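Same chain, two partners: chain A is paired with chain B first, then with chain C.
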Partner chain A sequence: MSQTASGVSAASPRAGLRLGRSALVWGAAISATVAAIALISLIWTPYNPVAMQMAARLTPPCFAHPFGTDAYGRDVLSLVMAGARTALAVAISACAIGLGCGAPLGLLAAARKGWVDEAVMRCADIVFAFPALLLAVLAAAALGPGALDAVIAIGVYSIPVFARVVRTGALRLWSLDYILAARMAGKGPLRISIAHILPNLLVALAVQVSLQLSLAVVAEAGLAYVGLSAQPPEPSWGRMLAEAQTLYMDAPWLALFPGAAIACAVLGFSLLGEGLRAHFARTAARG
Partner chain B sequence: MTPPLLQIENLRVDFGDRTAVRGLSLTMGRGQTLGVVGESGSGKSATSLAILRLLPVHARVSGRILLEGRDLLALSEPEMCAVRGGDIGIVFQEPMTALDPLMSIGDQVAEAARRRGRLSRREADNLARRTLADVGLPPDIVSLDRYPHQLSGGQRQRVAIAAAIALAPRLLIADEPTTALDVTVQAQIMALLKGLVRERGLGLIFISHDLALVAEAADQIVVMKDAGVVAAGKPLDILADARHPYVQRLKAAAALPTPAPTAINPDLVLEAEGLVRSYPAPRRWLGPRPEPFLALDGVGVTLHRGECLGIVGESGSGKSTLLRTLLALDKPQAGTVHLGGKALDAHGAGADRRLRRQIQAVFQDPYGSFNPSWRVEQLVAEPLDLLDPRPSASERRQRVATLLAQVGLPADAIDRPPSAFSGGQRQRIAIARALAISPDIIAFDEATSALDVSTRAEILKLLAELKQTLRLSYLFVTHDLALVRAIADRIVVMQAGRVVETGRTADIFAGPKHPYTAKLLAATPDLERVLTQAQSQTYAAG
Partner chain C sequence: MRAASLHLTAVLVALLTAFVLRVPAAHCAPARADAGTITVGLTLEPPTLDPTSGAAAAIKEVAFQTVFEGLVKLGPGGRVSPLLATHWSVSPDGLVYTFQLRPGVQFQDGSVFDAAAVKFTLDRARAETSTNSQKPRFQRIAEVTVLNPLTVQIRLKQRYSSFLQVLGWGDAVIVSPRSAATEGLNPIGTGPFRFVRWRRGYAIELDRNPTYWGAAPRFAHVVFRFINDPNAATAALYAGDVDIFPAFPAPESIARLRRDPRFAVDVGPSEAEVIVALNHRIAPLNDLRVRRALSYAIDRQGIIQGAMFGLGQPIGSHYPPQNPGYVDLTGLYPHDPAKARALLAEAGYPHGFDLTLSLPPPSYARRSGEIVAAQLAEVGVRVKIVDLEWAQWLAQVFGRHAFDMTIVSHVEPMDYDIYARHDYYFGYNSPAFDATLHAFDDATDPARRTALIGDVQRKIAGDAVNLFLFEYPALGVRNVRVRNIWAPTPVSVLDLSKAWLAGGPTGAAQGRGGAPAWLWVVLGAPFVLIFGVCALRSPAAYLVERLGGLALTLLAGSLLIFLLIQIAPGDPARNMMGMSADPAALATLRHQLGLDAPAWRRYLTWIFGAIRGDFGLSYTYRVPVGPLIVERLAVSLPLTLYALILSTSLAVVGGVWAAAQPRSVMAKILDAFGQIGLAVPNFWLGMILVIVFATGLKWASAGGFPGWSGGVGPALKALTLPAIALAAPQAAVLMRVLRGELLSAMETDYIRTARARGLSRTQALIRHALRNALAPTLTILGLQFSFLLAGAVIIETVFSLPGLGQLLLQSVMQRDLVVVQNVVLLLVLAVTLTTFLIDLVGAAVDPRLGEGRAK
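Right after this comes the complex of A and B.
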């Protein structure tokens, strides 16, 4: 059957592979651009993003202000650039929390099975059942409003996602013969998890991290929109949308540019995730 | 003059730049069985799929395939749909995946007929009932509205055969139909296929890697290797007068040598007594708690120094559970395991490292046995962590190089990933890993069952040499009696979690005492037996 198996798998996903490759290229390019803009904004923006110029308020896009200015005369391009910083900082920190707590929990659940597994997975269900917004409100109540609330709320929500991804992958790996061989070599669950399970899940994790980053960007914008993330004057895409809401008939660019920025970042990370998935599926198929 | 049932002229199949079938020609008549034998990748499955025109679209097919004079390669796709299932039926290897899990077996058997013949529900059910009865699943025993998961592997393969013959095809193609089954079930399925050929007069193309099995069943044999036909003719002629060296090799590999009986050393290296391991049975909703499933029911085994103990049994007999318990990978609920006179009672991760050093294992799947992201050096050196003090990096590398030479792998293998090796080479790496810390005992869990017969013969030769030179003891778990005969000094036969018979290999093969052992032996395809039977028939006829 070997001929047919390889033949069939080579025939149908070929179109998908091409798509996967361009998804990877585009995803990587867009994500890198967003990241580069965030980094550049640390040292240079066309104008000081928080400086108000009441004389130039609500200027439509023009040569001096390509994205126009807002109701306080701030340059929208500079705000969008600086907003990328906030969006990425929150998304990356939240993913780090999710990955840092979720991956070990998933490894633990898969290694111990039984009641430990049950306990970890039921806790994950509870976190999923708890409204995200409520968590953000609670964090704001406890810590005062700020980007940290968003990091905590989004991060806690990523923990069960990563725990599940790792657990599922790890359970499959635990059933393979090389784990038995490692046990025959006297390795315990901890060393097996570190030496054999985790390195073989890096691909799945890379894919999940990119997808989770895209979700975190949306979530951060949503929380900022309702005032539960970065506080003024710190620039934020979500809050820019909130401020643009009352002016969208007169100054549509105020909503357009931050909206497009959110869409770009989300698209970039999702494409990157999909592309990585397709790329690694292809290399795995080639074996 | 009526044309023959199937005539293939100069069939050639290419996948890109790889040729899967090169110039195959054959003719078979009605009521005949044609056996196609070859190792994996020899082109036997590509041939069967070419006949059905089920090859992937990018495969290029040339030549002629005439079914009763009609060229199948010239038919349109809708015409071909009528041929598949109508004129030609096919049974695949894997009974688990060949059936739709969400469709009742009655519907699956009648599916082709309903789609084509516009049968009413009642007529379709009648057809399914009749056909299932023909394959030995009478509806009063196995009802039509059962689902595949409620059947055993053998029963599922019967359903697949019923679905293939429901429309009374003239040609049935069976592609390794018994490879996934136990030997006793295999014998039943073979008897069923032979009966169908006899009663319905259909032509059967029987594809298998097992020369003995094919020789028993077929009127004609085609032996394939590397996409070409290397021998064709009557089974007896092929077996008796094999001009092609490959056929001789296949034959030699299939008819494994019987080892010279060795004196058993009284020194015990492993002793297990009264092992019990049970699993809780799944509880039905609101039902009474069912009896737990006893995978091991008071099993005891002994292993002497320098001995190879074969543990045989069919799936579910408990042989793998026994091995896992002996390796301290699973904890028994009762019973003891002694290694070299010391009790092995710390199980799992924290097992006594000194005892761990005495026993190592080689597992079944040559593809799942290695961490894919490691190189051979790391893989083979992994058990060296058990040594006290741990060897230095250069000592490790030195040791791995010695081991690779010992198992017959080239020296440059050391820096390559496992994906660079074939199945047989991978098992050699696994053997090197097991030898790394010079254990007294090596356990093999179906370690050769994923390999082709010629590769298997080479591995067995290596194992025999290593056992001799390193004075190793082997625990050899397998379902394959021919294999156990070639390597084991003593045999333990297991059935349903118990040891039903144990004794010297030669004694068991000469005169099995337990009826189950006798049944297993009778069900195992055996080239010598085929030859003697065929010769006696020839004498009787002549």
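Right after this comes the complex of A and C.
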């Protein structure tokens, strides 16, 4: 079973075609919206996310505060917008680590084969044995709590994922005729990997990046919830849920909106990934 | 080949079974169905059990008026009543106090209570080497004389009008001369309860003193449980683990608890003043104008609303409102940011300045801190918040005075005299104040005392020594079945002498000593069975290869864990011994813990110990880690399996349905569920489930775990909502995979043949396609187990389940690296083992997988 992510595997082409166009459109739209909100929040939010207004604490959603206010009177809508920044920053950094370290490893494993391949795959197995949460826990024990722990943990956990995807794709490509021709022409494995193998893998990588981003957002939320990610006053969706923990039975909006934001972001990226995969499968099937 | 495989399998099955059955024997305390037990929840664990040796309020909460008693008893308003002393007289000049002692009183070690014991106690308290937190007050004693075995005379150096009250505090309890040296670990007093056992990090147990001189208490046992997390405290209350919290740590839950008929809430006054302490040693806080400006900048009501949810009374000086002679000084510096800015400009800071605010862990401090920082920012004072653990706070703030501002609650009664201590942590030094206080101590006439205590308060407020926020209320929450119990001020310690429990034993009495043996058999047997069956069907070579891979992964994983833990800063020996450790004692402890051995030897000790079942000692709890983990595993493992079963069932049903009728409405709905399910964080789903099912429909409890000994039904019921929250997202993923695989399988020739033979689509699906789709699905299932385990960590926080995840997170926060090391190893083992089993099952189900793994 080709291992891609947490089990969002290569569904059969037919199932993919069914999702097809709408998934890509929806996914792209939602992801773009989330990214836009994160960028906008850098210059404007309805209220200052860290400004406390005791008089307005714990107000339910209303015209002045569409998402209500929290226990300190801070506007939840502004907090959700600012939280998008943290979520995306951590997700993108983690995926960058995963891609940056994983892709070269995968290329190496496919190019060298033999014991190098075995070693890389064995290491991947070992990393897989550590759920991201444990990596974050170890990072926090060593470095103290902070967003860096989450980035390291999720990033390190993504490395084997990307390594596997690249390796699987590369192995398939290495047996193609024109690659053999290049080898016979004397090109070294490094040049071949970079010049020929990698460009053909970009599609698969793009799909994987989208999927990993969706996983990273949910993982970061979980880590923030237990206090292993961004610390106050940096805004964070996961931490908002943690703070809502003792209050949400009386003030459900405190839990509703950050959670919905997380779900939207994750949905957007995963739909984007699914849509890309279906789109390229279709293009490949046609061409 | 078969024979070899058979032998190997038999050996492995035997080993596995032996291990599984050995595990429960490690730790299982018997359940106590005792009507006479009360469980009291406390937030902080005391460092020692001798109330006369330290400042921690927790010591008195456990040992004062239970194990130990004083000469007199202090009641509301400072009223003094007889206890170990039956009556007393004071000389006209106020310097000589003569006490008649109660006859026939024994200490719990059998020695006699007499005047010699009183002399011993008081001399010990006022000695230069005394660590009594009220030593300065005891040092006003000039001499203690034994007139006869039941009469003792105390002569003071100067008049001290509050002396009788001082004798009623926890620091003045009478200790047994014979046992004084070991009082900290084995407290011996004259009280109605005697010390039984201290389970570090968990609980302290007392039982009834059979030789008590007074009326026997109705409770035969008292258990003090330590829970400082507000969620866990709420959960413990709901689950019946704790009968009463004299100081409930979650003011945000008080409103809800008040509405709940099962609980009674007693919000009352206390002696605790919450203040923002200002360090007078640093500029600009040494300027009176600046301190006054800060006082104008803060808004007490805002802080009380935001940090304490409206509970708590504002104070203007260092004196609680309910005490005699209180002067309301909250209006001296009303909230006035404009005035604050003007004063700052006048003092030479028109653009404000920067300060740090060091905060200890309690939620009142952290929340108030955020609000104070925001309020000060409005007048131009930029505040940086620094969060500290108690050990750090004690060292940096209290010990080294390395701070600008801090927020802390002063709980001792009548502690206004800290303002006369020139080297106290905030460093206030005023001869004028010293004179006022001295006059107050000297005065005996009640009217004059009232006037003078008013002057004391006015001086403290006028000099704006600190920022006075509010009186932290006594938030007592108890099960309504607990009767006749209270914690009167000013000592604010539970009076258990007349308390009793209505309606039979509580859930708390039913024991929390771990999981019963049958649980481990039920959990372990399927694994052993699956392993045995699959191993038999696999070629021996494959088995050996997989086992080799398993061992290798475990070894590498353990090395990785060990190395990462070594990087973590912090000295475990120092963490264990605390701030007052001297280097020699530290070195001894380090040697005992094996910390001075080279890294490779420590690693090997750990690994070989782990194989034997000895996982080392927890730093914070100082108990063996093995039983600690087993107790938590009894919650996490069933939860994970429960979630696994739920998610698999849901996924199979959904996947088959969607594949059987791919164009139906149901299929589209399942498709949408599949997409959304993946996107929803499981802990958020958990919170939503609680809102709907627990708070709304009241079908399930909001959290907590009653323990397996309370019955399988209630335990499973407590695990149901968490399991659903865990299972739903995973079911979505699994369902989509299964549906995809089934649809692919349906396209194959042999299915077409089957259908041509007359099988319906559904029949073909279930009878043929499912089997082939199973193999890849199983791989995902294996991965799901590891995600479920990790996800369970977070779910446990939502539902306040005392599982492995909670243990892991708490240990990380407390830097208990031994526990972290072992729990992480255990989780890695679980994941690797599951992958191994899944591979075996896959190979057994689909022989194609057995021949060289397609990676």
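A few notes on this one:
Just so we're on the same page, the second predicted complex is superposed on the first by the 268 of 287 C-alpha atoms of A that agree within 3 Å, B and C clash if a C-alpha of one lies under 4 Å from a C-alpha of the other, contacts with A are read in each partner's own complex, and residues count from 1 in each chain.
Note that in this section contacts are C-beta pairs under 8 Å (C-beta built on N, C-alpha and C of every residue); 3 or more make two chains touch, one makes a residue touch a chain.
Keep in mind the model is a prediction, meaning the values are calculated, not measured.
Using the contact criterion defined above for the overlaid structures, shared-chain residue A:Met121 touches chain C, although it does not reach chain B.
In the superposition on chain A, A:His196 makes contact with chain B only, while chain C stays out of contact range.
When the two structures are aligned on the shared chain, A:Pro232 is found in touch with chain C, with no touch to chain B. In the superposed three-chain model, the partner touching more residues of chain A is C, compared with the other of chain B and chain C.
By the document's definition of touching, of the two partners only chain C reaches A:Ala129; chain B does not. Contacts of A:Val218 after superposition: chain C is touched, whereas chain B is not reached. Contacts of A:Arg183 after superposition: chain B is touched, whereas chain C is not reached. In the superposition on chain A, the residues of chain A contacted by chain B and by chain C overlap at 1, 3, 6-8, 11. Contact residues on chain C toward chain A in their complex (touch as defined above): 230-231, 234, 250, 252-253, 255-256, 299, 301-302, 305-306, 309, 370-371, 374, 385, 549, 552-553, 556-557, 560-561, 564-565, 567-569, 671, 675-676, 678-681, 683-684, 687-688, 690-691, 695, 702, 733-734, 736-737, 739-741, 743-744, 747, 775-776, 779-780, 783-784, 786-787, 789-791, 793-794, 797-798, 808-809, 812-813, 815, 817, 820, 824, 827-828, 831-832, 835, 855. Of all residues in chain A, only 1, 3, 6-9, 11-12, 14-15, 18, 50-52, 54, 57, 71-73, 121-122, 125-126, 128-134, 137-142, 164, 168, 214, 218, 221-222, 225-228, 232, 241-242, 244-250, 252, 255-256, 258-259, 262-264, 266-267, 270-271, 274 touch chain C in the complex they form. Every residue of chain A that touches chain B in the complex is listed here, in rising order: 1-4, 6-8, 10-11, 176-178, 180-189, 195-196, 199-200, 287. Taken together, the chain B residues at the contact with chain A in this complex read 13, 15, 18, 20, 40-41, 43, 45-46, 49, 54-59, 93, 175-176, 327, 329, 348-351, 353, 356, 359-361, 363-365, 368-373, 382-383, 385-386, 419, 430, 433-434.
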